[in-house]
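Take a look at these structures.
Below, chain A partners chain B and then partners chain C, in two separate complexes.
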Partner chain A sequence: MTPARRATIEFLLDNLVWLMLIVVLIVFSLTVPRFFQFGIFANIIEQSTFVGVMAIGLAIVIISGNLDLSVESTAALAAMVTGLLFATQGIGLGIALEPAWLILPVSLAIAMLVGAAVGMANGFFVVRLGMSAFIVTLASFIWVRGLVVAISGGRSAQSLPAAIRVVGTADILGLPLLAWISVGCFVLFSFIMAKTPFGRYVTLVGGNLEATYRAGINSNRILFVSFVLAGLLAGVAGWLLAIRTSGATANLGVGMLFNAFAAVVIGGVSLKGGIGKLPGVYAGVLLLYSIHTAINLMGLPAHYTQMILGALVLAAVLLDTLKLRLREKLL
Partner chain B sequence: MFAGAVLAGAMLASSAFAQDKGTIYYMVPTLLDEFQTESVNAIESFLAQVGYETVTLNADNKTDLQQSQMNDTILLDPAAIVIAPVDFNALAPAIEQAREAGIPVMVFDRQVTSTKVDFTSVAGTVEIGHVAAAEIQRLLEEKNGSVSGKVLQVLGDPGDPYTLDIQKGFEERMADHPEVEIISLPAMQWEASNAGSIVADQLLANPDIDLIFVHAAHLAVAAVASLEAAGKQPGDVLLVSSNGAPVGLDLIRQGWEQVEVEQPLYAQAAAIAMFADKVVNGEEIKPGTYNVLGLESEITIEEWGPNLKIPGAAITAENVDEPRFWGNLTPPSDPIKPVE
Partner chain C sequence: MSENPPLLKLEAISKNFGAIEALKGVDMEIRAGEVVALLGDNGAGKSTLVKIISGGLRPSSGRIIMEGTPRDFASPAEAKAAGIETVYQDLSLCINADVVANFFMGREITKRFFGIPILQERAMEAVVAKALADAGTRIPSLRTNVEHLSGGQRQAIELNRFVHWGGKLVLLDEPFAALGVEQTRRGLDMIRQVVARGIGVVIITHIMAQAFQVADRIIVIRHGRVAGDVRTDETTPEQVIDMITGGTLSGAGKGRDQGNSSPATGERESSQ
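Now for the complex of A and B:
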């Protein structure tokens, strides 16, 4: 095989998920009535924001060789705290700040702190005490959702002030601001993962913990920070979710963990750690939400929606597996 | 929170006078829903007023968990069990098991018709669909001059019989109006942002949607957020919701929502307390009309047992502030009295 041919095949395989996304978008555009319009594509990017931001943190933890099942509940907690403090209806305390725009950085900082605190707790138990990440974060998934129910009493907080709602309603160049935020998060963290020592260490630690330890890399610190980052990003996702729905309910975000995991896997991140790139994860998120949107537009009978979604996710993962085999065979 | 405090206060006050008639277990399907959360406060308070202590068990929307809770509760030999089943039919064997053990079972809010129970207090989920259909027909006629147009129906989770019953009732009554196109989509797991996404997508695919009907008030909030994001103003797209939660009433006051079909939560809970003595003592419950918190309600003797149906109400801008609606969180101040 010539080097040029090899490079082409490698490029195609590395970006297979993007090709899949393009193919899916073309198929939906041709077959689903009223799918092919700018607004629908903008909706797909906007709706993928919450799972997308959540999936960045999840992917970082998985690439580092661990697992975080708590991101969905952490996002829900951050959303509920945002709603509880700043919403004006329901159980919202309606805290107002002067000047009004201060609510944006203050609420974001609080949501990030909430998320980071859960991430630190996870990191402490997994890294410092050596407990299984699966068990620790499963426990967090449960207790954090329980905390959401406890602090809300099962009630909802609604109607966030206009100063914060602007994030959910404004658009720039026709694209919702929420969409720009998710794109921005992916660009930023893709850069961090690809171009900074931290990003490279995360991949190295996930690939071979022993070797990085021997190379003098503080692997425990890298693992701990990856959990904190996952929590922090889940907090941001929850903050965005609260803004999008103008408040929070006790079941907000339920089911998003499945979507985040599916996106990460479809995006080419190995559950064994050490392999994966964030642009692929973003393509995975967009692919999932293209499917969601197509199902919404097709008006399929309610009972079949989950079946179709599951089958399409399976098909996407199957293609990814075929890609790995093809790579082994050809390269 | 205020209502909860008032109810808790009432409960404490009434407990002082309450006779010790035993413990009744209340099997609540979930606490991730304002209706169910408030039902816990109401049932515990009202049963305390007629002399019973209440223990509430949350099934977290899991049928298997509710079945195990039933099995455990039967061993504790309570005075009675009140159940709002996660699944209307799957709990039938557990209900039969309890009754065989001599424990009477009362059904709250979610009708079980596949087995015999000792008392049922419901607004009727199919009937909520009927009330919604009547209101939607009125709204479409006012808007378009005839009952015609396009309706987006946002269901709850498609695995929940509650939402399917509302859909059934709604579509039954809309079948007479073929000029109304109904697009039905589920908000998986009753999750608000799923409802928001459906509305956002459908506003683009079907910009001529006249009315959105969501099966719970918390989904209406997300629907409004999507309408706002699409640059709509209150009233541009009509909105109808069901269950009567506080957030739905707030949306009516803001002008975004036109009708909220209420489930009369306080009356449904009060009826449980009113008939608790008769059920626990195995006395006959006679058919007829009963006044439950001012609502004329009818008991019929059905194959599955005495069935009290309390009429749901349509809440509009005209009557939204009336304290009788549970969404205003003003629990009834008059003490509950057992039916003689």
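Now for the complex of A and C:
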């Protein structure tokens, strides 16, 4: 086989999920009435924001060879803290800042801090104490949600001030600001993962922890920082969610974990660790929400979505196995 | 015998794994520009000794003295910083990454933009291409993941790594186990090349001919102790086998006449 042809095949295999996304979009555009509109596409990108931002952190942890089941609850906690501090109705304390726009960076910083704190707790138990990531983050999934219910008393906070709600309502060049934010996050973290030593080390550590340790890389730090990043990004996702819904309820974000996981797996990240790229994850998120949207437009009951998504995750894993075989045959 | 302290000196190194005494007080010296072959049967403690020198394991007792200064390496990173390069028995490559990423693992070339280090892929690829070409290693593409390479190609990457990075002391734990005849010859050449640069080399091997071909000195480890420490040109493979086995195989014993020692040659039969 010529090197050029091999490179082409490699490229196609690496970007299979983008190919799938394009095919799915074309099929929906041709078959689903009212699907082919700019507004629909903009809406898909906007809806992808929350799970998308969360999926970035989840993907980084999984590539580093671990797992984080707590991101959904972490996002809910960050959202609830934002609502509790700054919302003006319900349980919101309605803290006002002078000048008013200051609420934007302050609330974001608090949400990130809350998320990073949960990530640090996870990282401490998994990396320092050597406990299983599955158990530790499952526990966090439960206790963090419990904390959300506890601090809210099961009630909700409503009405965030206008200074912060612009993030959820503004448009830039016809696209919602929220869409730009998720695209920006993916571009930033794709760059970090592909071009900086930290990103390189996340992949190497996920591939062979022992080898990186022997090579003098502080592998524990890489694992720890991955957890912190996952928490921090979950915090950002929760902050965006609070802004979008202008407040927070105790059960905000339930079900996001499954969507984030599905997107990560569909996006080509291997649960074994060491394999996967963030642009693929973004394509996975977009694919997920294209299907959600198409199902909505067709007026199918919501539970069909779950069945289709479940099947899609299975298909993605199957595809991963097939890709490996194909590679072995071709290369 | 010389004014300079030895490159590396081990004093009464011992290591216990629970009840198992893998090393029971090992003393040895390695000088700069010298090749020492570490021989011994399976389970003798060779790899454990190498891991202690390279910072992967802490000794239970004893001292490591490098160039006259006592050192206590808490991690491979510290040993590496002190100039100790290691090729481990079980290879340490990340097969999910490409050749360039593996070659530079932990020492990437970066350039800072606004304080953020950015990987310089082109520069790194050029260095790897040159290092592999110099060593005569052929790998189809430096951007293929290591999982697609053969066992010999993988080992070659590790060997080229130490030749390139050098340092002061190189530890090789059965480095040629997966290599063919021609690649092994190249590997031995590489060792001579680094020694000529004044680097000390410790090589573990089970193949007697290799030890006699490349080493200045042979140290035999038996049941966690040094059972022999001889110059290669003052001993014979038979004597070394006796040291390894405790003199039970040839029945000749250690004290055999030292006078008939013959210069080391490569054509002797190997021990296995």
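Quick note on the criterion: the second predicted complex is superposed on the first by the 316 of 331 C-alpha atoms of A that agree within 3 Å, B and C clash if a C-alpha of one lies under 4 Å from a C-alpha of the other, contacts with A are read in each partner's own complex, and residues count from 1 in each chain.
The criterion applied here is as follows: a contact is a pair of C-beta atoms (placed from the backbone, for glycine too) under 8 Å apart; a residue touches a chain by one contact, two chains touch by 3 or more.
Remember, it's a predicted structure, so these values are computed and weren't measured experimentally.
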For this session: Give one word, clash or fit, describing how chain B and chain C relate on chain A after superposing.
Result: fit
Exercise. Put simply, what angle do chain B and chain C open at chain A, by C-alpha centres, to the nearest 10°?
Worked result: 140
Problem set entry | Touched partner set for A:Thr196, first chain B, second chain C, both or neither | second
Exercise. Looking at the overlay, does A:Pro176 come into contact with chain B only (first), chain C only (second), both, or neither?
Worked result: first
Exercise. After lining up the shared chain so the two structures overlap, which partner does A:Lys329 touch, if you call chain B first and chain C second: first, second, both or neither?
Worked result: neither
Exercise. Who does A:His292 touch here: chain B (first), chain C (second), both, or neither?
Worked result: first
Exercise. When both complexes are superposed, which of chain B and chain C contacts more residues belonging to chain A?
Worked result: B
Problem set entry | Partner chain in contact with A:Asn208 - chain B first, chain C second, else both or neither | second
Seminar exercise, completed: With chain A overlaid, the minimum CA to CA distance between chain B and chain C in angstrom is 36
For this session: Jot down the residues of chain A that show up as touching in both complexes, chain B in one and chain C in the other.
Result: none
Exercise. In their shared complex, at which residues does chain A touch chain B?
Worked result: 33-35, 37, 39-40, 43, 46-47, 50, 89-91, 149, 153-156, 158-159, 165, 168-169, 176, 241, 244-247, 249-255, 292-293, 296-297, 299, 302-303, 305-306
Exercise. Within the complex, which stretch of chain C touches chain A?
Worked result: 54, 56, 75-77, 80-81, 86, 88, 91-97, 101, 105-108, 110, 116-119, 141, 144, 148
For this session: Flag every residue of chain A that touches chain C in the complex, lowest number first.
Result: 3, 195-197, 200, 203-204, 206-208, 210-218, 274-275, 327, 331
Problem set entry | chain A-touching residues of chain B, taken from the complex the two chains share | 1, 4, 31-34, 36-37, 155, 158, 183-186, 188-194, 196-198, 200-202, 204-206, 218, 221-222, 224-225, 228-229, 245-247, 250
